[in-house]
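Each of the next two complexes has chain A plus one more chain, namely chain B in the first and chain C in the second.
Right, the complex of A and B next:
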């Protein structure tokens, strides 16, 4: 009887413990790692078409369209991106390629077809505008999680709220940023940046999440410049994971001679 | 009963009501004064809906241009100028602090630490990075910054001067009205930096706001000082506080009610209107002096003062009314200028003069009847009429004899003066520059001088080139698309109509964007058979979109490049920045960074891709300060060394000469914007407007004179002194080389209104005396005893009343003070010397004066 009781108590406490574990992560690094995987490493590779609408403070709009090919070398590790512009027509076939490294600086290339020019963009600041939009290059390829200190601020019914402060404040324009991570799918759904005057100046928001081949995937997001009032929305369509991309697609050769087979829109 | 009698009776019979009424008005008006709004914005010289101003505002909005405070950091001690660790560290600290201030447009602030640098990093590799994210710590880092700036034409001589001795921080601000506060905050930060640098603040917003603050000080000092001067002067003339109390009350009442009315109506107090009190005070006392003088002549102690008052007012009413109305007309004629602040000034001074007349008619009699018998007797004790043996009396008597004796020589002399003056008038330099509203040694003038000696110039003018609208392109694309759809048949035309209908209200760029996206979608979702048609339409829309980006085409860019090269040759223009400058710089860096690659991309697509590379920077939006996102309009930034309107006009001529020799590409229009240009516009309007206002005032006053004297000849004679005075004053300005600026322009109307008064008094009395005596010599002698003395005294009162302006810290006030004093002196002299000399030449004096009897006073 006593044994039974003891067993029952043990079972109860175990259940409670496992419930807690499933419902609420408490280790901030685990949360951040999972969020990083959810946001940038779905499948082994992927293809999507992005339509970016840049709206300035006066409401004037510009559109950019491009196809993104991605290939992961390892989950949470090195990755390759190839961004090929299709519109507006005067920048068609302009290509931007990134070899993202977690242990060293990224390699970046730019191909400008009308200048017949391949340029290597030196590892420098990645927090520069992505082709004139309110997104930064770093927003597109993902910020290396080891560059910030993370602190779990709060766990709400829906979100983990994590505050991140840069290890090297001189390398970035923010003093800290707060991320809201959806507990259900571990996707970061809102990020707010604060400057060194403690003023909120930039916000990234997820506007739509869809299920793609079983992966919850962001299909629409927006970055707002809270100071000027301008913002950019980015919509992804024709997403597909695990299409069989390999490293050979992501070479300097591909810049001048686009991998058309992979870039072509898949027939549903 | 005439209006005059009713007013006079009211004042005499109900003095208390008069006092209460005036007091009530003064209190009501004074209550408005605390809500005063000062406006020192030169842009407001033009009405809000004036075409150039509207365009200027549109340009500012379209290109997201803000008003700027420019802080200059100068180091002329260090051989490397600002390129040393300490100076750059201070600059970094200052810029950082400024970025955190409220009211600063942070993202557009330009300083070494907020701009980007593009550099070569080994073959085939470029680097985008902040120019000076952190303050440099080693000489190598300093040298790198120097090298980088000198390679970037958009920055060199803008952020750091060519002589390396000065660096600039360009601080865009949300609202001009905050620039004084911000400049104080910036100064506070500067005060914490201890280094060998000098700091200067420039830019029109600071100048304007500072002017506003100093204007208040000016008003608070000059107006009471003018009142004090007049008070002392009247004491010298009349030696009776009792006597001069009345004019002082009239003057104060007039000033307070007029300013209260102006502020109460919601008008802002501009530079001109801030001078209203100083204008009104001397003018307002003059009429009361006339009344008091005459009253003390006629009044017999022991009598009731009412009768004497009625006689005096009956006698003086008409000339006082006429002198007031003519002065008012002179000022009111300023309403014909197209400059709102000048209009408001003119109309309110006119109102104030008429009010002063009314207050004089009501208050002075009410004041006199309220005096006790003892005081009235005391009033009589003061001999108001000066002794004929006084200095002034003897001088005037001599003048009278002289002007008759040497009549011929005098007339010839005046004709010569007029001829010389007319030549002087033709030499007048029309010019203005708001920075010159400050004295030479003012810190803003000094800053302006220092900054312009180091940099390419701190005065900005914008030349906007714009390609005509896209209505035709749109119609063409629509019909092209419809043709595709009709040829394909089936459901296509209906589908296309739906798509076209959805985008019909979009601007061209969005319209094509949305068409492209809809066609792309349709090619994918509609039946496969339609795909090729949708793709063809998509291509047509894409082509139309690319073709519409006019200022990316080689044709447009090389025209701009040529124009820039032409302008850069001029000494007036320190530097021009434009889309070609940006494109050539980025193109050079993309192509290895050698100087020979500093050229325009070969095609529109190459230009678009060069721009796409540029946009991958920290400040992609800088692009939109020189071209609109649809590439239909672009702006050339001209940095001018001088903000003088004359120099801006020369720059305009320079551009016109170029566009005449090299016609603008088809459908392209060029227009100017920028404050330096706006100043030229309002000045031109003012010159023409002033001529109109002067001519119309001249005509109106002439008509009034003819009516007053019921004689064309005397009417014309009365215009003679003011004509000579105006020509003399403007001739003098031409000869001395003083720029014809806003205050000078306004003077013409004032001269006209004020100096005709002297002629009225002189001729009115001369005629009356001639009609009594019938002898010209006797008339002259008599006139020089009475009226000439009154004229001289009034001229002195008014002239001296304006002299406090000479001590003003702001130049426009000094100018007005100096010239008004001169005008009063000259017109008094011309009246008392020239008029008798000219009349002396008219043989039949009886027909000149005699045609009319003394006017009825009933």
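Right, the complex of A and C next:
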């Protein structure tokens, strides 16, 4: 009887062990693809309100508030973003729109309401400050995973740790970055950027994750400039996935005339 | 007062109120921005002065002296949005208290794919950067030269804009029932070159306006769309030259008829943005023999913009103004020494550098014409003190080899300026 019990326990633990082993991904490209989907492709579309507090090296603070609409043409593929600013006063009603392409350069526009001007922004400066914050444009819409080589450095109890090096080093300011991916929900929860001198100079970290319609979703994060000491904290609220956005929302029409029905906070 | 204390006091005074934590200290999440009517605007003070005297305007050292308030109100009436934006400013150069209605409009959707915007509005289209070929909407060159905020380069007009949207192409139709000219250099704030007199003058230029009537309004249209991220557009305009460059036999200046057609493309190219635009200006003087009327013109623009190094963006444009039937003009203008060249070539260069988390923006823009041998340089520095306060200092510097050319005539209008704005 005792032997039987022992055998049963052994069998159970074996099952558990093999289950864990099966859950651990080993192919780095699969890990990176899943993390990309988890971070940027939840649902077919989504709406969120966001606000940022930008703290500079001297401790002075500025704020930005905006609503984001997102629409996926295909999971892991092309996406559309519309970002409508409501604060502060000097950027109010400014609209930023991106058609993100995985196979070619993104198309990006900025609408300046006081001039009724639809300005095109070049795809080259994706790694510059997003409206004065420590976030880059690319942090908001997602970096194309095919632009980096990926290497699985370590699999811990909680994280996959992936090192990424750019295929075109001249196009970026980092020499590599390390990403900690939460094994439970595949969300990247920490990213650390290293420069050419092998110095750690930038960190992105997730501060809060909430469940939204069954999708684990980052609701608070921070980017820190480790050289100057400045940082930006971004919070998302009133998130909703699958609200039924289609491509026609992401056109010049919406820049000049805000799509109020989609930007409006959902009732439930 | 302790001299060392002063700078630190200044810094304290200029600092934004420090937020206690990551929280905003208010419940801005609670109230949705668009849920209630919104009052916004700014107050601004601006001064500017000439860098050299203008003999044609000997008593006018100042080029800008504004104390200005802009108030804006917007709300929804059902599904239609209406907005009012009005400026009130005390002007120390043109002496007096002035009002300008920048916006008083209502935005309606007539159907799923038809929008109508009705009322006083600022309108812009085309691909040029501070160069306009198919954008025939009114511009305020006086504000532009004086160093007012860029938004004032675009003057409002009372118009109806009807837009039709389709997957393949979109159509905009703008009707401005009463012709609205540019706010041109008229001798009041800045002097101009008078070709008849052969000299610089501040004589107040008061042109005859077209009669008001259905047939004398302006009609502008744009057919536009996008293919694989490349935007294309076709344009048409029926109205008048926006500047009074025609003269009656009696010597009175007026706005002559003008129709234009044009096209543009804009898209990603070589890691940056490239654009091309052309326009055909068809005036009243079809054979070009009447020197009192502007000749037809072909206008061409090529532009390219890209980031050079992080935070530094550069853009360049080439612009051509090709006067048609130039030989006929030359044969009939009494051998005028001020005759424009057949081809006016113009280059622009823009450099923008962003520093201090985008709070400091250094900008350089200049026009340079190798054919006119003149130049217009616009350096500026914008410092965003906090979310409500911004300071701008800059200059508008003209230079030219000859007294009559496009920019050369404004050499004595060269000025430096400073503005401080508090937005709410």
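Everything below uses one rule, namely that the second predicted complex is superposed on the first by the 247 of 268 C-alpha atoms of A that agree within 3 Å, B and C clash if a C-alpha of one lies under 4 Å from a C-alpha of the other, contacts with A are read in each partner's own complex, and residues count from 1 in each chain.
In this section, a contact is a pair of C-beta atoms (placed from the backbone, for glycine too) under 8 Å apart; a residue touches a chain by one contact, two chains touch by 3 or more.
Everything quoted here is computed from the prediction, not taken from an experiment.
When the two complexes are overlaid on chain A, chain B and chain C occupy overlapping space and clash.
In the superposition on chain A, A:170 contacts chain B only, with no contact to chain C.
Of the two partner chains placed around the shared chain by superposition, neither chain B nor chain C is touched by A:180. Of the two partner chains, neither chain B nor chain C is touched by A:41.
Of the two partner chains, both chain B and chain C are touched by A:51.
After overlaying the two complexes on the shared chain, residue contacts for A:257 are found with chain C alone; chain B is out of touch. For chain A, the partner with contacts to more residues, out of chain B and chain C, is C.
With both structures placed on the common chain, the touch criterion links A:233 to chain C but leaves chain B unconnected. When the two complexes are overlaid on their common chain A, residue A:132 makes contact with chain B and with chain C alike. In the superposition on chain A, A:104 makes contact with chain C only, while chain B stays out of contact range. Once the two complexes are laid over each other on the shared chain, residue contacts for A:94 go to chain B alone; chain C is not touched.
Residue overlap on chain A between the chain B contacts of one complex and the chain C contacts of the other covers 51, 56, 58, 60-63, 87-90, 114-115, 117-118, 120-122, 124-125, 127-129, 131-133, 230, 265. Those residues of chain A whose C-beta lies close enough to touch chain C in the complex are 49, 51, 53-54, 56, 58-63, 65, 86-90, 92, 99, 101, 104-105, 107, 114-118, 120-125, 127-129, 131-134, 173, 230, 233, 235, 237-238, 248, 251-253, 257, 260, 263-265. If you check the complex, the residues on chain A that touch chain B are 51, 56-58, 60-63, 85, 87-91, 94, 110, 112-115, 117-122, 124-125, 127-133, 137, 170, 197, 225, 227-228, 230, 265.
Chain C makes touch with chain A in their complex at residues 15-16, 18-19, 22, 24, 28-29, 32-35, 40-42, 76, 79, 81, 107, 115, 117, 121-125, 150-151, 153-154, 163, 165, 167, 170, 224, 226, 229, 231, 266-268, 271-273, 275, 305-307, 310-311, 313, 354, 356-359, 384, 386-388, 390, 423-424.
Contact residues on chain B toward chain A in their complex (touch as defined above): 61-62, 64, 99-100, 106-107, 116, 121, 124-130, 133-134, 509-510, 513, 516-517, 524, 542-543, 545-546, 549, 552, 587, 590-591, 601-606, 608-610, 612-613, 615-618, 620-621, 623-624, 628-630.
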